[in-house]
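In what comes next, subunit A is part of two complexes: it sits with subunit B in the first one and with subunit C in the second one.
Let's look at the complex of A and B:
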């Protein structure tokens, strides 16, 4: 019996032992939600930085503020407004999911259905928002 | 100190480069802060976006007079001040984590975090200054 075990151990290829080299954790849905949480968070942070600076112009002059805010009113800016909204909504709903996983006893077991709930909720809100924004931009561009 | 040259390599748990013991609970408190501020920001930010982008014509009605009208009320002043501080610290701490995770050397990590801290102080202090010294009759 001992000899069988020995051959089995020797038969295992040596290179497999240090697995770290070039091995990429491909994760699961949970990893991608974590990645998306980071990306949406970083994007929102950069917008926050710009947004505080543009709002600070109210302290310079009404004219300076209105001029800069007018660039936000261009119809094409809805692409960025929708992008911001999409990022913030995902970050908000997935943040609730993260808290439920952390603090709710059944959270870890339900993390996957909760992610689908997050995505459905996100779609339910982002689709009407997109329609209303695009409709407003379209009337302005073509039928104003 | 430790410079991560090879991709995806992790320090051995017992290697001497790791600090022997935890000296403060800062990371624990920042972890709790992210969750508590997240709950508050959920309402503040989604409310802010709803008002600014969708109600009464959305972004098209925003101008100096609109801001002056809102900040005449202490409620909206307090709303915006709380949102500014919580968003600045929540986002700043999030980016600190991202920088800590992805910087390859201690020097880039240090300078990226310095840049981050400067931008947080700049936005939070500037925003607070503007909120407290706002003058609706400025020319």
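Let's look at the complex of A and C:
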């Protein structure tokens, strides 16, 4: 009894029904902290990956290792160093927040104050670090 | 008859002649709705309607206005219209809300024209306009056995429970199964097989009920790969719940029960 006209009249089968994509979901602050946690996690992983590679170079040849490490001493590497610090610091503090949400009975209720605490701690540590690192790089680049 | 919808975003220039007179104190607002008619459309598309709104209107009233006076084909669910039945969950200005609980006075733009976007809830197949197929949602709900399981003879009068014992799961008794939480969850959007917050909330309601005897069974079900461990504590569900249930907290309590209560 199956006919092609019947399926056309019934419209498309359920499995093919579209799902709403629409606009960006304007989720809770917790959603954005989760997004940031993932991004900083991946960034940290990439650093570790590169770090394992450059350290492994010592086994290949100490000279190659020295060359690579010397390129890291370039003042412009400060951008990566600062980025790494920012990523690790956020990931560490937010990781503690996530653990408190998981294991502390009052955690879920205090997730937002805890996120603000994470951000304040992060800023308190990252601003002086950024100032001193950028100042050092500037002196090296432009002479002091 | 209204003209068949096209894929182009259309704006109704004037209100229809049979529309009721614009009440005093109302403001013209633009309602942008993501629409889909499976009989004529290939995909979802936006349509805009410029209609009057009173500060005391709910978003649901605006949808009624469009359906009754501009385009009768606009499809959405609603039953009680008072935030109890949970049928009109939709995405309003980017977040899941019940259309009957969002007051227009909270929606007016501080400056300039007010635009309100209305979309179907995410992660479930769209049947037509704002109406989605809720079957996957209810399947997850049924899977956690959302009913009292007790053995032995039934008591002659009632199953006695202390005030403290009742209080233990009070928060999760408030669920109206509107799916606002489940469809606000980023994990649910991408992992179609995740039980979702609503199913876990309803499992919590029985797991922590002193009269129920199937807590271990429900914990086993939720210990599955698609169970509570999928939760990434984004708190979207807690923010979306129209009944103010601490959804994430309930999920975390189930996680902790799995870790510490069982041997």
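We adopt the following convention: the second predicted complex is superposed on the first by the 118 of 144 C-alpha atoms of A that agree within 3 Å, B and C clash if a C-alpha of one lies under 4 Å from a C-alpha of the other, contacts with A are read in each partner's own complex, and residues count from 1 in each chain.
As a convention for this text, a contact is a pair of C-beta atoms (placed from the backbone, for glycine too) under 8 Å apart; a residue touches a chain by one contact, two chains touch by 3 or more.
The structure displayed is predicted, hence computed values, not measured ones.
In the overlay built on the shared chain, the residue A:24 is in contact with subunit B and with subunit C. Once the two complexes are overlaid on the shared chain, A:111 sits against subunit C while remaining clear of subunit B.
In the superposition on chain A, contact of A:34 is made with subunit C only, not with subunit B. Look at A:45: by the touch rule set out above, it reaches subunit B but stays clear of subunit C. When the two structures are aligned on the shared chain, A:120 is found in touch with neither subunit B nor subunit C.
Looking at the shared chain after the overlay, A:79 reaches neither subunit B nor subunit C. By the touch criterion defined above, A:131 lies against neither subunit B nor subunit C after alignment on the C-alpha atoms of chain A. Of the two partner chains placed by the overlay, neither subunit B nor subunit C lies in contact with A:141.
Of the two partner chains, subunit B and subunit C are each touched by A:102.
When the two complexes are superposed on chain A, the residues of subunit A that touch both subunit B and subunit C are 20-24, 98, 102-103.
Residue ranges on subunit A touching subunit C, taken from their complex, read 11-12, 14-15, 17-31, 34, 98, 101-103, 105, 107-109, 111. For subunit C in complex with subunit A, the residues that touch the partner chain are 34, 36, 38-39, 43-44, 91, 93-95, 117, 119-127, 132-133, 184, 186, 232-236, 238-239, 246, 248-249, 252-253, 255-256.
Every residue of subunit A that touches subunit B in the complex is listed here, in rising order: 20-24, 38, 41-42, 44-45, 48-49, 52-53, 55-56, 58-59, 61-62, 65-66, 69, 72-73, 77, 81, 84-85, 88-89, 92, 95-96, 98-99, 102-103, 129, 132-133, 136. Listing the residues of subunit B that touch subunit A in their complex gives 6, 8-10, 35, 38-39, 41-42, 45-46, 49, 53-54, 58-60, 62-65, 67-68, 84, 87-88, 91-92, 94-95, 98, 119, 123, 126-127, 129-130, 133-135, 138-139.
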